[in-house]
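Several structures are given next for inspection.
In what follows, chain A forms one complex with chain B and a second complex with chain C.
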Partner chain A sequence: MKTEETERLISKYLAGTATPDEERRLSLEVNRRDVPQEWRAIGVMLGELTLGEALYEQQVQHRRSHRRRIFAACAMAASLACVSLAGWWYFDGRQASDSENIAIAHIDGHTISDESLVRAMAEDAVCDIFETADEANADELDLFDM
Partner chain B sequence: MTQQEFEHIAYTLRPMLTGIGRAYFGSADEAEDVAQEALLRLWRYAESMDGGCDLSRLAARIAKWCCVDIDRKRRAFAPPPLPGWDAEAAHSPHDELVGKETQQLLDKAISQLSPRERELFEMQQLEGLPADEIALRTGVSKTSVQSMASRARKKVFDELNKLMKQ
Partner chain C sequence: MKPTLTIVLLLFATLMLRAQEGLHVGEVFEGKVAKTTTETTQTGEPLRKYGLTKLRTWKTTVPDSLRNKIEALVNQDYEERDRKEEEVDREVRDGHIYYSIFRLGSRRTELSIGGDTNFKVWRHYLCYQCKVNTEQRSLYDITLVFLEGENLTLDKLKKNFKRK
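After this line comes the complex of A and B, so read on.
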């Protein structure tokens, strides 16, 4: 607290207009070491009960915020665990379905897993068969012609 | 206030006092110690008070002070450090002696007040009551309470400063 603020609270206290909360704040301030003697007199007047109350509130507040921080850290850890678990479950499932869809063919002693390549090679093979069949038919016609 | 009256009040105040202790220490055993200590101290105050007075606010203030005091004595953990606030040194035997001396000076300064001013000063000092509540309790207007409190505080402040300089 700044000196001006302390003096403002002292004036309010002496005027009888300070609230209990302001008195507690003032008590913490004027009970420090190395304060002017006039401030010390205010500390004596405010009494040990006000100081005790102020220290109590401070400690309870400190404990509450500490507990809140621990709770927030636990909540964050739990949500991170949930997200990672969900991610693992999703990607693992996707990987499994991908592996089920892999097209594997053994062509000329090679294992090919690229579906489009297998399809293209299959189409080429079918075309070869038709061409061979056409050539054979043509040969047969040639024989009849003869 | 008679012992019987106090015992009845103590019975009703105990749950609140243990609650204050539990909020500070987080344990039921220490909360019980706080309630016990607070009631003991409250009895010392109550002896000099009349039977119709509401002790719950004063009891709560005493219980909070007891928490800090018990904590300080046990040194289980230090209160959050304040810059310039030396909790260890502030409660050395020397400081306790100084504390007693300043309390005597305060009593001397308060004795300069008129009975009405003294009553008002002690009401605020002990129970920590705001002006509007004192006004309700005493039947005096809030403005009068504030001006009387102000006069009383300024008198005590001047007298205390004078005594502390000597």
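After this line comes the complex of A and C, so read on.
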């Protein structure tokens, strides 16, 4: 606490307008080791009870923030676990949906669902490319043989 | 506040990972490049004999402007291909791809529960072919194929798709 703030609280205390919370904060401040003599006198006036209450409140705050940190750490760990599990479930779920039997073709916007026809069209497309590759590779080998 | 922010950041990261799964040629398959196309989509049992879990094919005939656009997308995916376990079969003629078959990044899942590990690797391949249309020499016949299979290799694919 800054000196100006402490002196403001002292003035309020002496005027009898300090709240109980302000008295406790003031008590913690004036009972530190490195304070002026006149502040120590204020500490005596505030009494040990006020100091005791202030110290107790400080301990409770410390425990609460410690508990909050532990809770936050657990929440983060739980979030990470949930997201990881969700991700695994999503990707493994995709494999499950990929095992569904789908065979569909579209020709200029018209849909064909005859499985044998779809399969023939797909096979034709793939074989075409592989045959092109085979022919190109065979031509290359022929060039080497020449 | 902090736990909420952490959850939001983690969810955002998950979304980012999902977005990276997409291919540049994805917009071709989504019909954003050419309208008159012949496409097929298959998953599941029909593909078992090929060792595949997913197969998409796309064919169209386009002028050279669209051919160049599609080729650029294929090249972008080619640049981002799996280089660790590279599988490529490709030929370029007169500065344009004649055909290109290459492995894309793999997807892998591993989950260990109670000492048992469930381990799967899905491999993806992209195949592209561009030939001059025999009836109209100013047009190009393009074929684009996406394949996915567990523990797939190019040799297995070529064997499974040999015309009898």
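Operating definition for what follows: the second predicted complex is superposed on the first by the 94 of 146 C-alpha atoms of A that agree within 3 Å, B and C clash if a C-alpha of one lies under 4 Å from a C-alpha of the other, contacts with A are read in each partner's own complex, and residues count from 1 in each chain.
Just so it is clear, a contact is a pair of C-beta atoms (placed from the backbone, for glycine too) under 8 Å apart; a residue touches a chain by one contact, two chains touch by 3 or more.
Computed from a predicted structure; not experimentally measured.
Student: Can A:D128 be said to touch chain B (first), chain C (second), both, or neither?
Tutor: Second partner only, chain C.
Student: Once chain A of both complexes is superposed, is A:Y13 in touch with chain B (first), chain C (second), both, or neither?
Tutor: Touch partner of A:Y13: chain B, not chain C.
Student: Check the residue A:R32 against both partner chains and state whether it touches chain B (first), chain C (second), both, or neither.
Tutor: First partner only, chain B.
Student: If we overlay the two complexes on their shared chain A, which of chain B and chain C does A:Q59 touch? Say first, second, both or neither.
Tutor: First partner only, chain B.
Student: Figure out whether A:A41 sits in contact with chain B (first) or chain C (second), or with both, or with neither.
Tutor: Once the two structures are laid over each other on A, A:A41 reaches chain B alone.
Student: State whether A:L49 touches chain B only (first), chain C only (second), both chains, or neither.
Tutor: It touches chain B, and chain C stays clear.
Student: State which residues of chain A lie in both footprints, the one left by chain B and the one left by chain C.
Tutor: none
Student: What residues on chain A touch chain B, complex-wise?
Tutor: 13-17, 19-20, 23, 28, 31-34, 37-38, 40-42, 44-53, 55-60, 62-63
Student: Going by the contact rule set out above, which residues of chain A touch chain C in the complex?
Tutor: Of all residues in chain A, those touching chain C are 72, 75-76, 79-80, 83, 86-88, 91-92, 95, 97-109, 115, 118-119, 121-123, 125-134, 136-137.
Student: Which bits of chain B are touching chain A when the two form their complex?
Tutor: Touch list, chain B to chain A: 20, 23-24, 26, 61-62, 64-69, 71, 79-80, 82-86, 89-90, 99, 102-103, 105-106, 124-126, 128, 130-131, 145-150, 153-154, 156-157, 160-161, 164-165.
Student: Which positions of chain C touch chain A when the two form their complex?
Tutor: Residues 2-3, 6-7, 10-11, 14, 17, 35-46, 53-55, 57-59, 89, 91, 98-99, 101, 107, 109, 111, 120, 122, 127-129, 131, 143, 145, 147-148, 157-158, 161-163 of chain C touch chain A in their complex.
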